[in-house]
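I have a structure I would like to understand better, so I am pasting it below and will then ask my questions one at a time.
Lettered A, B, C, D and E in written order, each chain numbered from 1.
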Amino acid sequence: MDIATIIGLAGAYLLIIMGTGFNLGPFIDMPSVYIVVGGTVASILIAYPLKKVLGIIGVIKNVFLIKNSSPTETIKLLVGFAEQARREGILALEARSQEITDPFLKKGIQLAVDGTEPDLIKDILTTEISFIEARHKYSITILEFGATIAPAFGMIGTLLGLVLMLGNMSDPDSIGPNMAVALITTLYGSLIANTICTPMAAKLGGYSSEEILTKELMLEGIMSLQSGDNPRIVEQKLTAFIAPGLRAAIIKEEKK
Amino acid sequence: MDIATIIGLAGAYLLIIMGTGFNLGPFIDMPSVYIVVGGTVASILIAYPLKKVLGIIGVIKNVFLIKNSSPTETIKLLVGFAEQARREGILALEARSQEITDPFLKKGIQLAVDGTEPDLIKDILTTEISFIEARHKYSITILEFGATIAPAFGMIGTLLGLVLMLGNMSDPDSIGPNMAVALITTLYGSLIANTICTPMAAKLGGYSSEEILTKELMLEGIMSLQSGDNPRIVEQKLTAFIAPGLRAAIIKEEKK
Amino acid sequence: MDIATIIGLAGAYLLIIMGTGFNLGPFIDMPSVYIVVGGTVASILIAYPLKKVLGIIGVIKNVFLIKNSSPTETIKLLVGFAEQARREGILALEARSQEITDPFLKKGIQLAVDGTEPDLIKDILTTEISFIEARHKYSITILEFGATIAPAFGMIGTLLGLVLMLGNMSDPDSIGPNMAVALITTLYGSLIANTICTPMAAKLGGYSSEEILTKELMLEGIMSLQSGDNPRIVEQKLTAFIAPGLRAAIIKEEKK
Amino acid sequence: MDIATIIGLAGAYLLIIMGTGFNLGPFIDMPSVYIVVGGTVASILIAYPLKKVLGIIGVIKNVFLIKNSSPTETIKLLVGFAEQARREGILALEARSQEITDPFLKKGIQLAVDGTEPDLIKDILTTEISFIEARHKYSITILEFGATIAPAFGMIGTLLGLVLMLGNMSDPDSIGPNMAVALITTLYGSLIANTICTPMAAKLGGYSSEEILTKELMLEGIMSLQSGDNPRIVEQKLTAFIAPGLRAAIIKEEKK
Amino acid sequence: MDIATIIGLAGAYLLIIMGTGFNLGPFIDMPSVYIVVGGTVASILIAYPLKKVLGIIGVIKNVFLIKNSSPTETIKLLVGFAEQARREGILALEARSQEITDPFLKKGIQLAVDGTEPDLIKDILTTEISFIEARHKYSITILEFGATIAPAFGMIGTLLGLVLMLGNMSDPDSIGPNMAVALITTLYGSLIANTICTPMAAKLGGYSSEEILTKELMLEGIMSLQSGDNPRIVEQKLTAFIAPGLRAAIIKEEKK
């Protein structure tokens, strides 16, 4: 569970509410919600296939709720597999592969245990990685599209309000409040873009590259253990993927 | 037929109309239509050759009405061809090629049946793919140009209205309504850009890459069956192009 | 002669004039012309060497007035040359080269007739193509620079007008008309950018890539006919450059 | 310690304060600070993992406080090492490596002294360089995100203020001051972006490429001295990395 | 000396002054100068090291005052050297190298005369070219940074002025003039960006690529004459770098 996102979101809105002096009433206007939220969703539906738009919810949920296996733990797991494969043969991994929770790693180990050709394993897993990456990229693109289109619908709403207001200025006292309502859509559009779409797209991008790195680590590890590499070599190959600080930590731990 | 686009377009305008309290009168102004719609079309004509601009209508219609062959069905079709070619010889495909509706696939199969050199087949079909891609890209470019130029003509219209209004302020009561009319062009420009040009360009881009993928799949399949590959190999080569989820579906189906 | 450009330009201004109710008087202001048109030209002179800025007029005139040889005609011409060269020897092209109007093709044929080394011909013509491309690119860059700088000078003019107006508000009746005049520069800047610079740059880009394609076709044809290729091979090599639709047209015509 | 940054920051604010006539009172408003500073930080927390956001402070401090070893000094040091290694053997560097303050250089020399395989040294140090670079890049990305998001929260704050003000215009005298307060958030957002985030990101980028250059110089030097290169060769290889002016300085110094 | 730049700069300001009716008084305001000019310089100092910022003055002066050797003259000079080297041996160039004013060419000829290894000459001169290019690029980056930051400080100044004005609206007659003063900073920012930073960066970019081309021509010429190439070959190699029009001019001149 990602704490920072929740702290950030809660914090942003708390600070904004504080900034208004806890006076939220003037900022709630249902027609403005229809125009900005509805218009943004409608425009996304014009731009992307329904299935992909619905898929984004799954991607976001996945990314925020499922904890990525940390690279260091993945390396330790793979080195452990390599040791066992060396002692008891690669078939011994069959039983252990049942415990693996990551479906990508599980599939890879099973392919190796089944004696699949190394080239085919590499091909299958590489395609799978590129499709995971493409799926993430697609969701990021939709969020970035939302970040552009939401302020545009905010402006459209404000223009609608201004045209209505300017066309009917018989009551001077209503000008101020009418204009206030007209500006609310611009506010909504800016909030959707700057507290949801833009930062979520950035975080999704970060998570995605982390997950891709872990998957590439797994691929390298599976290839290495299938070719019967010495567990030390497996470790050396894998630690090359990670930050020097983490690398030192793994080596230190082993020396103990 | 693409439902999401229609839902999206209808939804966007319904929500906007709801947001105005079903009061459309003040938003209809013919001179504003001339300036924004006309100006945008005129500027597109300055920027792109007439033939290409007219071509965009065909591309959009094609893309929204013609159902792309789904990758899984294309794979099944090609594997079926490979099986028949293996049993009865490649000439047996001549009759079946008549039933193919996709002109690209039909042409490819006929070239293979005619005994054309593999290199030449590849060259012909690759050029054809690159021209399909370029034609799509061109239409996307024109839509993106429209998305930039429509708001600019919206602003030009508003400036025209403001200059006229400011130059003649003898009647204070007309200031509001005149300014309302001036703002309508900005509204039109923003609606054209954000409900039509920008999302259509995005959807066209998505459809285009799907169609290109299917065409590349067909090319790979034709090359593979012409070289007399085993149908299983053909299938393996082609499933590498598609998402692991779909791939599993094909394999599962066969095992039945 | 490019009809679409003229229709577009005339149409854009006609629609704008219609939009103002054929009331052009309030939109003509000489000091605004000085600031926006003059300032844009002056800023272009700071940014680009005088010779290049003057050169742009030639490039635009060339591009709009000289009809590009169509790719299909160029192919037919080159295939004809190849047939004659095969029958009567390459020297027979000497006489015919006199009739060629395109200076690039003429030069290439003469180099081939003179027995210049193929590598040298290729080198000379490739450099020539890259310089043609660079010259076009340069003009496009200047137009795009104009598209950015003209609205900036429009805003500068409006700021000048506003400062003068706000500094002297003793006569309330002059505020409106003064502000109208101030806004005219922004209008001019936007018109220059959106009806001239931006769409012209796009059209120039399209023309340029068409011309480059034709030149590459000529280069390929000259190399092919100099090496004594069979006219059918020359044709096959050249048709690979063009859209499948056009390709089919050439082949059909021959079969007749 | 970087003087220019401090002069720049102090100067910018001094000039702004002078520009206001030393009248800072009207520009201080706590709710505006909550909305802009708080909202920007909150949005950064949504967009980037907490650990990375905290890490940025360390990177900035490091970059501004730790003096980069200058390339010329690094070259002299490495040439000195090469001379000693040639005279007394590479093991003689063990003692000297203790005095090295740069951890990257120290690690590299120790690896060379330990007789590690050249390929492995190169691999380890290259990974380390790419992680240093990625860490810097990450901080720059966060600063650039701040430069985009701070003005957005400035605008959000101004919209909040305008909506509140317009909804309650019973007291005409309060309109001016209320609008002044509403504009303060836009001012804050612009100041954060243009005096802190944008220029700091630029300076960080400059420092980063300087540090990476020095590290690559060290890597080249370590590889060269381990392979037993003549000190003159080491120097020649390393001076190729630096500006001709600096290169001449090193050579001149030696001739003395 | 570059005439166009001066004509452009003088012209831009003359036209602007004409546009204001030769009434400059209202546009001069010292606090606005402090905020915009001072703030821009201060922000540049935060973003770039002091030495590089000072260096930009030298680069601009160099670029505008020192006349680049024209490519055609450089070619004629190098062909002359090649002829002399062929007749009297390469050592004969020693004396002539004293007359060369371009330090890059002088250095290259001296290296060739000294009998330096071709690879080393190429390495030394290539590094020198890349450092010249980097130095130019750096100055362009600083100018482009100025083009972004100056309008931002213009807006900051206007916000400062508006907040002060709105907070104290007791005297209605002062509102206009105060707002005029507030807008002056936006005007200054826009003038700095659009008449100085942006066009200067463009011109510097053009000059830079011209100078780099000339240096690459010199490098090619030096390598060619050192390897004892026939002067005709030297000429052919070098003319490949320049526009076909100029190329023809050189050849024509020789035939005379």
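One rule holds for everything that comes next: a contact is a pair of C-beta atoms (placed from the backbone, for glycine too) under 8 Å apart; a residue touches a chain by one contact, two chains touch by 3 or more.
Just so it is clear, the model here is predicted, and its values are computed rather than measured.
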{"item": "Other chains in touch with both chain D and chain E", "value": "none"}
{"item": "Chains touching both chain B and chain D", "value": "A"}
{"item": "Angle (degrees, nearest 5) of the CA superposition of chain C onto chain D", "value": "145"}
{"item": "Chain copies touching (chain C, chain E) - same or different residues, decided at half shared", "value": "different"}
{"item": "Inter-centroid spacing, chain C versus chain A (mean Cα positions, whole Å)", "value": "44"}
{"item": "Chain centre separation in whole Å, for chain D relative to chain A (CA means)", "value": "27"}
{"item": "Sequence positions of chain A contacting 2 or more other chains", "value": "none"}
{"item": "Chain contact graph, described as a line, ring, star, complete graph or other shape", "value": "ring"}
{"item": "Going from chain A towards chain B, every chain in order around the ring", "value": "A, B, C, E, D"}
{"item": "In the complex, chain B residues that touch chain C", "value": "31-32, 34-35, 38-39, 41-50, 52-53, 123-124, 127-128, 131, 145, 148-149, 152-153, 155-157, 159-160, 162-169"}
{"item": "In the complex with chain A, residue positions of chain B that touch it", "value": "2-5, 7-9, 11-12, 15-16, 18-21, 23, 26-27, 176-177, 179-180, 183-184, 186-187, 190-191, 193-195, 198-200, 202-203, 206, 240, 243-244"}
